[in-house]
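Before anything else, here is the set of structures, which you'll find just below.
Two complexes come next, and they have one chain in common, chain A, joined by chain B in the first and chain C in the second.
This part shows the complex of A and B:
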């Protein structure tokens, strides 16, 4: 056994868990307030429009507990077993929300004032800076209860701060592993890019075993003026896991934020992504690929919120559905009153690989300004017979041809990440996935 | 059009055309508010069979049980006060067969709308609904000779129960939504049409609806059955005078297309800006049948209308073509519902909306393809045009596809009239308003062509009217 468990079990629904003495006062009260908020808000109901098409039966938290501390004696093997970047500017490793082995950050970068620390440490070392950005985004897509739960119970995560004018050309990496039956983790990712800075972040959330687990994560990304950020998150939890992830980005004047979500694991996934464009000239690109199989159910809700003129946003979600899997995509573009000269695009494409999969698409628009260019598209199709036939005439057998075409289908989204090393990691993970499905 | 265009003096709607009101003495008036007594009153006046009264009462209890759909729809619905509405009014006279028998006052109303003189000769039959009851009804002999039944709803249920009872409330069950339940409780008026097998009705059948009494809701009920291999085009047009208080219009329209039949249902609607227009329309298409909804919504305070087609037989086809224009204070919440319930069924939705001034137009659609089927196809296109900086448009489609033997595509776009286009036309001597009007007409032109000639002329005129004063 790689891991040894230490006993300490408690359902996270039973009672609040106060912040430790070492944390700043604002954080302690934020945490206890959050517990109150969590209890006040109702659980999602069938009739909630924000949960339309969602199978709420899959979401039961009765048997879940805060993940226990585990001793990890072979972190290198864990890292080796997961695909990650060949070169990185820094790394932090978590197992069950606890830091294992000390975090690294390239010395040149730490000299420039870059902060890359576990959140538990950053809360103490940089209290004011963290407070300025911590949980400031409104969880407006239906999961306010889970946002409160996250705030009330989060144990760790990371804080990544790039000062004004500093550029990182190599990504930093964050690893989250979860282990143990009914373990719940609440990873928090707080990313702030100062004016004129640029950086890339890759985050992986993975199960070590095949047990039931629950991950309720929040990633908040703030791009100050003229900054440029790329954020990649790859989720590959166990087949029995449940995951809720709330991603929000805030792009200020002329800043650019790009996010990419890869979802492979979990019995049930709910991803909410809010891209706010709060400064003129800001742009955001929201990308996602998921490859559900068996009875996996992925529920994705997105919002592109244009608050200022001359902003642009682009969204591309690609789902390849096998077996009895089900996806729900609900996207919304909101162009506020004054946000003239907005360009906003939204595309969701579903590739249907079995006769029992189900794809729901709800692409939406709410436009209150003029001089706006907006469009959305949603398609659901099987692999094209013509394309299959063409490849077969070139001597490629049907199953290889099918695999090639599905790979090509998702690659369109991956190519838009625009960084070779990040793309390589994603493609590697996808290749493993398709090979595994192809071999069945 | 520039972003800073002054929205303060945007639109002064010219509704003079329909803005008039004559005093009509109603013989039967069920009074304000809704209760079991209202239903007894209606049943008594109409002399209905017991089963209809029972049907109405059951519907009333469903209406009370159902909540307002404000969790997804406009909260403006809550401003409807059901106690301040008259649910039944009737001049109490039998439907007229000859134009000469129609009371002068009513005739004047129709004349003003320009209905009969221009079109009577052109159209096969005119069934003009004046408030609750058909005041004028005339089916050309030729059509009647073919065995086509074209009557109002009360007459249909009383005289042809063997045909209409079978499908009545079957396409749209009472409990479908709160407003279909309301209609089922208090319906009066509307058309019942039966076209026998193989009969292709050459000319469109037509009915005009008007609301002519303050605080009075109109609840017409239409059921059209087109038998095997038969074809029918039905048109309705709506204009209503301006009133001080809100008026509720909540119709239920059921279409049944038997094997190989074709139905086209055409609506041009121009309600005044205080009308709540909450309509449930659905068609049932059997094997190889085709149901087409061609819909144009102008005016009203809030329109909620999502014509649907249930494709029940193999090879059935459903289509919704819709144009919506929302002006100041108006919300056009329209869309389409396509339910695929058999193999190789295809559906097509093309929707174009124009938002002027502070108007808001919404597309809301549903496409449903379950997994035990194969070869189903859907195409949906929604285009929205925003005229002023305060105009608003929304799109909320929901598409469910199960299995890998189907194909769906949905596309939507939002744009405005290009400044270059306007500049070009102005340079050729058109005023900005004329240029704008021309552009807007161009935007909807490919859909307008789907309407019969006289409607497309009327429609262009209506769009011109609505666009007046929207620029400058």
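This part shows the complex of A and C:
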């Protein structure tokens, strides 16, 4: 049954949940407005261009509810079970969108004015600053209804603000865990790098159990002039989970924003990524790796939007598909009238590990300016027989050889993160994943 | 006696017969060269021995110290002691040379046993130094962006690390300038021992000036039509292959 045919009698879809009294008025009205917007917008249909190839049958909100507060008295064990950074500048832990242990931030950094705290707290402590950046980027890739749902129902998330000229050389980390059957979370990530600042951040979204869950997250990243930001997000929810993640980046004059998205878990994933280059000389690098198996479906839509001259963007998505899994990649580069001397690249590569997996790629370009260098490309291939043979002639058995080659395939994207400790975390997660698949 | 023995081998690719009753024996401790014109079956022989799936063995045997290799998987043949140095080594993006060699060494250990990483790296660096390979190559993807000479040196490095009983070098001299050729030959010569046999496949006599063989075989139309001492290579260089081909015709 298609989604739009269902009446919207779903627990968390039934009625709005108003913001608490402690929150600023602008936020309260934003929340109630969002609920109205959510109700006005139609559910996505497969006939919508933005949802072409999407299997909406898998996206069911039946019997989903806001995740309940759960007891968590063993945060150390949870952290230990997740691969994370050896060294961090600060950490925030959420279970079911509730902060479960006191957030930390290195004292040296907090003295420099860095803000790294749960969004619920930041809304009260830094209302004006949050308001300036909160949900300012229009979702334009098909999920406006989910963006409204997120805004109407979000419970928490984090605000990370790096003041002008401050450099954070060690990444901060945010952990989200989901627990309980049919639990839904709406994590919000708001990241702002002030002029001339630099920072790195890693965010992990993970299930504690094997239950059905739903994650509807938004990550908004703002790089002010001459700033430099690297954002890593690793999703490893349960095999029964569904996830919608809306990522947007806004890069101002000469700023650099790099994002890396790793998707391993979930039955169904929809990722939308919008990179806006709003200042001259701005650049963005949008990287993603996914390793779907069984009947997992990952749907990725991207936009690189060049609004100013001398901007550059580079997108690389690498998917390794096993079994009956399916990926859809629809990428668009738009170069606006003014954006002369743009460099824009978009590549999606799929490695097909079975005869029954399916990789759909729809790369696109729309160029309105002159003197522009743009390229886009998509490939889908099985493991190279020549490479496999070569490894085997050195004594490596077929299964290990395939594992080495798949690892090598995704490593190209990981290497581009450009930070050893972040790369190590991602490679560790991938290694676990490939080992698990290799041992089936 | 220990030897690598090819017995009356017939093999085809895409239905075309390439090897027609090839027989050859390389005793351990010796270096044998196979020379032959283009299309005689040199590279096919190398691929068949290693077990490439595109080549179909119609009949015959390849015995490594008496064990039939043809019934084994590609990787088993390697672990049994056969090494093939490729004419055109594959490039493997994203897999570092060090990880690759480590996996190859690991494959030789029993389940549950891990290689000693410190000793492994030390050995690898020593062997790289002998071949004039820069340390930074350990972190680079296997053969990716390597020059022809670097690729061939990398083949020899793998051979040094895997210490095979028998090594088949397929046109190792192709694409090498004289300096690279010397380094590669030095590496091979350093590996020559009583406990190892070599089958050097080459189109030109040049390589055999640096890797001096004990015996030379001439491959033509999928079988050995002449075997002789190392001087046979010089004779081939001087006269070409035609005089042998004519002899072959007369014999037929």
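Everything that follows uses one rule, which is that the second predicted complex is superposed on the first by the 430 of 440 C-alpha atoms of A that agree within 3 Å, B and C clash if a C-alpha of one lies under 4 Å from a C-alpha of the other, contacts with A are read in each partner's own complex, and residues count from 1 in each chain.
FYI, a contact is a pair of C-beta atoms (placed from the backbone, for glycine too) under 8 Å apart; a residue touches a chain by one contact, two chains touch by 3 or more.
All values derive from a computational prediction rather than experimental measurement.
Asker: Does chain B (first) or chain C (second) touch A:392, or do both, or does neither?
Answerer: The answer is second: A:392 touches chain C but not chain B.
Asker: So in the superposed three-chain picture, is A:407 touching just chain B, just chain C, both, or none of them (first/second/both/neither)?
Answerer: Touch status of A:407: second partner only.
Asker: So in the superposed three-chain picture, is A:350 touching just chain B, just chain C, both, or none of them (first/second/both/neither)?
Answerer: Touch partner of A:350: chain B, not chain C.
Asker: According to the contact criterion defined above, which of chain B and chain C contacts more residues of chain A?
Answerer: With both complexes superposed on chain A, more residues of chain A are touched by B.
Asker: So, A:367: does it touch chain B (first), chain C (second), both, or neither?
Answerer: Once the two structures are laid over each other on A, A:367 reaches chain B alone.
Asker: Of the partners chain B and chain C, which touch A:29 in the superposed model: first, second, both, neither?
Answerer: neither
Asker: Which partner does A:73 reach: the first (chain B), the second (chain C), both, or neither?
Answerer: After superposing on A, A:73 lies clear of both chain B and chain C.
Asker: Would you sort A:60 into first (chain B), second (chain C), both or neither based on which partner it touches?
Answerer: In the superposition, A:60 contacts neither chain B nor chain C.
Asker: After overlaying the two complexes on chain A, where does the chain B footprint on chain A coincide with the chain C footprint?
Answerer: Residues common to the chain A contacts of chain C and of chain B do not exist here, since the sets are disjoint.
Asker: Okay, in this complex, where on chain A does chain C touch?
Answerer: 384-387, 389-398, 400-401, 404-405, 407-412, 415
Asker: Where on chain C does chain A make contact in their complex?
Answerer: 50-53, 73-75, 77-79, 83-84, 86, 89-95, 99-100, 103-104, 107-108, 141, 158, 162
Asker: Once bound in the complex, which stretches of chain B touch chain A?
Answerer: 1-3, 71-72, 371, 384, 386-416
Asker: Under the stated contact criterion, what part of chain A meets chain B in this complex?
Answerer: By the definition above, chain A touches chain B via 47-49, 52-53, 337, 340-341, 350, 352-383.
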